[in-house]
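Here's the structure, in structure tokens; my notes come after.
We just call them A, B, C and D in the order they show up, numbering each chain from 1.
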Amino acid sequence: MRLLRAHISRLERGLVEISASNRPELSQQDGFVHAGVMATLADNAAGYASLSLLPPGSRVLAVEFKLSFIRPAVGQAIRARGKIRKLGKTIALCEIEVETRRHGKWVSCAWGSETVYCDILKSQEGVKIARLD
Amino acid sequence: MRLLRAHISRLERGLVEISASNRPELSQQDGFVHAGVMATLADNAAGYASLSLLPPGSRVLAVEFKLSFIRPAVGQAIRARGKIRKLGKTIALCEIEVETRRHGKWVSCAWGSETVYCDILKSQEGVKIARLD
Amino acid sequence: MRLLRAHISRLERGLVEISASNRPELSQQDGFVHAGVMATLADNAAGYASLSLLPPGSRVLAVEFKLSFIRPAVGQAIRARGKIRKLGKTIALCEIEVETRRHGKWVSCAWGSETVYCDILKSQEGVKIARLD
Amino acid sequence: MRLLRAHISRLERGLVEISASNRPELSQQDGFVHAGVMATLADNAAGYASLSLLPPGSRVLAVEFKLSFIRPAVGQAIRARGKIRKLGKTIALCEIEVETRRHGKWVSCAWGSETVYCDILKSQEGVKIARLD
């Protein structure tokens, strides 16, 4: 996060957005934001989105992620969103999306999913997992 | 690549490895190399592995990638390998793997695949695509 | 489709649903609809959703698909939906979802994506691809 | 398995192959074996490959799978192979591949991965999980 100078720009139960300004160092040979940078932001967003539903002290670990690249990622700013679609007993499925801002408008550049393993801290009063549905 | 201080450590037709020293900035909260860093290196390796089979001047673009995380990525060094499994007329399928070196031994930490779109430069003498099989 | 006794139950530009009655032959060892049956229906829905945006005579081919299994697929009926998220010059990205009906309510059981290669028939008057956005 | 008339043709610790004869009912519009049929066989192979390493009475469930289609699946016979790459405490990662036989030779048509959730039966003498490495 520090290397990319990113910060959490939206935080709800089961939904987290992470934003960063675009910089030349984040781009690949064609001037587009590097796929790996998008993956890094998306993975962070997925992890925090999972944590937002778990009791304090819980930990998360990415099992796998998949990202499809829809459009060249150009623009002044970039943001990634993680949205939990299903939280099970140990596994969360998170939808991930990356957008860039061009001429004041956010445009989707990458979209996919992440499977997150949730190591849920069980408090003495029992597990308190936020319910999604 | 510069941000991660990575370099190409192996280059064959259809197989490329990219290596970097591990540094605290590349790690997430638990001291493991960040999933996004592994994805960045793997995506680069997949792109170069594709280019290694195409005529000079061709360009590549990631369509999608998927990475499964097998073990915590700890160690002094990290490397990612892209190996082309199939090169079609416009699409290449690349196997990707990320390893870290612990106590002098390389251990697999992440494994998956990347679909690469190949914008092949057609020379006047016709396309010269390296044959894989 | 015939083997699964499935039919198209919804057809819009960029969105197709395929439905079937559940039968014992479609289930695996635990009585849930088999993952492969869900994949078959989802793949069909993705293909038709792509075709719904292309000129007549075009052909589609799955490049890859990924499906995450969210809940056990039990119920009297099953349906799969393909929804195009992006149609490029040769590649479409389709969101896929599979639901089962339990006690009169549709419940999401699997969710993922499919990359579709579109072999677009170019008519004499030029390509007429439906615009999504 | 019965609907596809498939049978286990190879069974080792961590590696299972499932085979079937090709039939017109298994094909899609172009005469190729349907992507969903390949997915069904591959998913079965992945499940059995996982079970082959677990104590009797254990159960497995697909978390997600991803399959890339490499070549048109034509031929007299089809087989799918699941090979475990990593078996963790609750999650197995399985490499999956589907081949068809043409003119007496097996040709790879689809390749990918499956994440399998392992509900391991703990016997009174403690868990006995086969070690892969």
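Quick note on the criterion: a residue touches a chain if its C-beta (ideal position, glycine included) is under 8 Å from a C-beta of that chain, and two chains touch if they have at least 3 such contacts.
This structure is a prediction, so every number in the text was calculated from the model and none was measured.
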Most remote chain, CA-based centroid, reference being subunit B: C
Chain pair with the higher count of C-beta pairs in contact (A-D, B-D): B-D
Intercentroid distance (Cα basis), subunit D paired with subunit A, Å: 31
Approximate Å spacing (C-alpha centroids) for the pair subunit C, subunit D: 22
Mean-CA-position distance for subunit D and subunit B (Å): 26
Subunit B, residues touching no fewer than two other chains: 63-64, 66, 68, 112-113, 115
In the complex, subunit D residues that touch subunit C: 2-3, 25-26, 30, 34-37, 39-44, 59, 61-69, 112
In the complex, subunit A residues that touch subunit C: 66, 68, 70-71, 85-86, 93, 108, 111-113, 115
Interface residues, subunit A side, partner subunit D - complex: 63-64, 66, 90-91, 113, 115, 117
